[in-house]
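Shared between the two complexes below is chain A, which has chain B as its partner in the first and chain C in the second.
What follows is the complex of A and B.
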């Protein structure tokens, strides 16, 4: 008995519009919190990302010698598109934009397609720093992808469904973060990694002059930076839905709770993430495989045993 | 039309600045960076990211040619400021910011910049490497592999990358790249010519631009400020913006005449030094690279050198180490991955002018 989706309730165009505006607002929040932490001045933190956006609109687009222009542009446009598409399965107020019966797979697929998009952004300009950024993203992807998938599937396992609304409903008694803290932490860290932000910003780091973003200007830079911020926001919202009980909470209306929890996750993530330097992918890949894969598997095993004992029923 | 002018003024209210300092202009650069911090203008990472190009002091011929190439790669709207003397920084930056917003000047139609191919055609010694065109040389190397054996041929007038044996015994494309003379957290004027396989440097050679015409001696710098400045560079390269910001503010605070600000700067320096020294994440990600033999007197590995700077930064009496020769640094970065190579270079105090260190204690 699939629940009604936002599209069913509001119609296609308004529902899509609401999710898009919501996604952009979420991206702005992420960028503003990040800005406030990095610059240490909270006053202009909200304005700054808007200024950066306006700058993207007035600035000339960059060209390089013999670029792979088509693939380059596709990559740049794909980053924010995938970020907004991943928001389509995040349940707010008990509804998602659309329901696929395999929402978790959908979310993961958007993030997997990001591999291709970021690689193309690095490949396209035919420049050494951008290409190095692309290599780094793929190396980092090898580190985070499997633990991230195990973390996602652990939540699905406990709920007995891949539908995010079911996962939220299954947390009525107890938030999943209590029984699966490892999966929660790995998921949030994985979110920072696929948005190549903070300690996982190696693909766009200063040591390679901005890496995949080094040859971007104008609207291309705007799209990629926007996509990264929205992805981080979408992942924080997803973490709330999967591990922090979604919009459950006393006194306040559900969507407000959801918003507050998402804000808390974003703030905690940015605060913690900006306390450390960029971690080099060749070292994170070792931790990913030697530590996180076994840990997340053990986490999944523990949850599976709980499921068999009827703990979540 | 009014709307687009307003959008422009709004968008460029806090421009991103690419700073090019000429050798010997270190205190000048500190003054400009302090001014940029006060305004909240951030540093650009590449020409594509730049609104305002600021050149400090008169560059030598090689650096001037490189700056021309950088300038040609900066997208509109852009403005260039040449600061000759440290006495009118504020006014010059004000003027630069205002000129950026003014919609006059060359529109996209009146674009007189050279095509990338033209720049590569004049491929001489120094000029042409900004941060970007290292890449211009790269050709479409991987694409070539699909066409069968033939690795020859040209793309956009450039030869294809050829293959060579790599460290794991595979045949990989070899890319000839030039890094510098202007990069974030990089000593301006330093040029690294290298061969790159994937992101591993298989050969490396370092030199200074305009080596013949460099100033004879650096001004006498306050050791605490100098150590903090080196920390800033290293932290920028290590991708730790909050720590780099604190170190920069501490450095600039020491220049202030007001004793209260100097006390605050000392406190801030102590805090950032403690943070860097104790950071396990930094030790994990930057540890074990740039290792030198104890008898070389270069102070262990990169992390040891950085921790030593932390001690100097808080005012502890630690003897400065001798600067390594460029060949020694080149030997260290050879075989390193690009990120490690950048950290190794940032972990040395490389200056184009030879500074005679004050009496050197032998132990590292």
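What follows is the complex of A and C.
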């Protein structure tokens, strides 16, 4: 039966509030690390995203000619909502907000719904650059989605469960990253791709004037940028839970270890990702299908053989 | 079955059911390709919500995941095959309105009659603790043959559809005698070859 969830321990409203605030703080951390790596000025890095956020709240919206306003707004609001929903199954201190028998699929589904949301953000303004960005996201999605799914399922395979708390518990002896390094790298790279950040920022790249984000202003831009940052943070936290032993660690309390590991993953991801140029989506699809799909399948096969030999038991 | 559920669950299922039907109707009412696509997605997500309310989490999230990606792929095909790729011009979303209405109403009536008249077997075992595990065991055990046949059938359909849709074959890529060293593709892939 499911373990106790955060809702059982703290009650519904406080637990949801904690996860929401934690998610927003995680997004701020990602944005700050990103600013610090890009500009090299650590001091202003925390203030700048906050200022940009405050500006987004008060800035007047500009609009375009004949936008599809309903779908545009739905898309913008969906990006941060999905990011926060994906956090519901990330275990902190051994507990998740919501524990189901298909946590990994839930995380994957939130990221898949992002396909629809980002395409809508590109579609809504009735503008060519934005729509091009939306289609670029889908093209990129076709490249990263299957390797990402295989990476997720590999962790579930070793744990014998799709519940994230079970996956963390299964890593008591050995962190999964040791036996599944390919899945770990693919998962983190996939996270950068679905947040269309760093080398995978082609949907919002400068060559199409900002792509999906080109016509966003005010609250809409705030929501989309916030959603991308929170998603990246949520994926880093998920990577810690799935591959880096969750909150296991000596001396310090569990949640602190979890926080430190998440910070380390975010920093490593941003530091490495910002050193790679933006990749063209038409160059990533073939790599995804010809290289990453076989590689992740082989990784899953290796883990399956280890499972049969009782390596993880 | 229904008696096992609490009042709130039944209310949620009914509300989501109505929502899914309403969104399904909206597909034929709106006049934009994008709105029709996303009305259909809303309908599927409402069905996923029904499954979630019935505590079938795996089926619910898989429905949401598959249908969303399906709709997104449909958007890709939209630009490939539509005369109006952006789809921003209002256009009618129905073809052969009378015929499809008859087929739709007939199927609805047939299924409804079937659902309410079939003598469904009663459950003689208790509910499983983990419906995801039970589903996995059924797919990987007693129903494996069915799943394999369906899987291969779907895969063959995808390949056949792609072959029919693409205008370029191997002779365009490798020359009339298939002797070219490198394929001649309009868009180079990411791998060096």
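The definition used in the following text is that the second predicted complex is superposed on the first by the 313 of 313 C-alpha atoms of A that agree within 3 Å, B and C clash if a C-alpha of one lies under 4 Å from a C-alpha of the other, contacts with A are read in each partner's own complex, and residues count from 1 in each chain.
By our rule, contacts are C-beta pairs under 8 Å (C-beta built on N, C-alpha and C of every residue); 3 or more make two chains touch, one makes a residue touch a chain.
Note that the structure is predicted; figures quoted are calculated from it, not measured.
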Which superposed partner A:263 touches (first chain B, second chain C, both, neither): neither
Contacts of A:66 with chain B and chain C, given as first, second, both or neither: both
Partner chain(s) touched by A:126 [first = chain B, second = chain C, both, neither]: both
A:290 touches, of chain B and chain C: first, second, both or neither? second
First (chain B), second (chain C), both or neither touched by A:207: first
Partner chain in contact with A:113 - chain B first, chain C second, else both or neither: second
Chain B versus chain C as contact partner of A:141, first or second or both or neither: second
Partner chain in contact with A:282 - chain B first, chain C second, else both or neither: both
First (chain B), second (chain C), both or neither touched by A:162: second
Chain B and chain C contact sites that coincide on chain A, given as residue numbers: 66, 68, 126, 131, 135, 282-283
Complex interface listing, chain A residues touching chain B: 37-41, 44, 48, 51, 54-55, 57-66, 68, 125-132, 135-136, 199, 201-202, 205-210, 213-218, 221, 274-280, 282-283
Of all residues in chain C, those that touch chain A in their complex: 32, 34-35, 38, 41, 57-58, 61-62, 64-65, 68-69, 71-73, 75-76, 79, 86, 88, 129-133, 187-191
Residues of chain B defined as touching chain A within the complex: 4, 7-8, 10-14, 40, 45-46, 48-49, 51, 73, 75-77, 108, 116-117, 120, 131-140, 155-156, 158, 175, 177, 183-185, 196, 198-199, 235-243, 245, 279, 281-282, 284-286, 337-340, 342-343
Touching residues on chain A, where the partner in the complex is chain C: 1, 66, 68, 70-71, 74, 100-102, 105-106, 108-109, 112-113, 115-116, 119-120, 123, 126, 131, 135, 138-139, 141-142, 145, 162, 282-287, 290-291
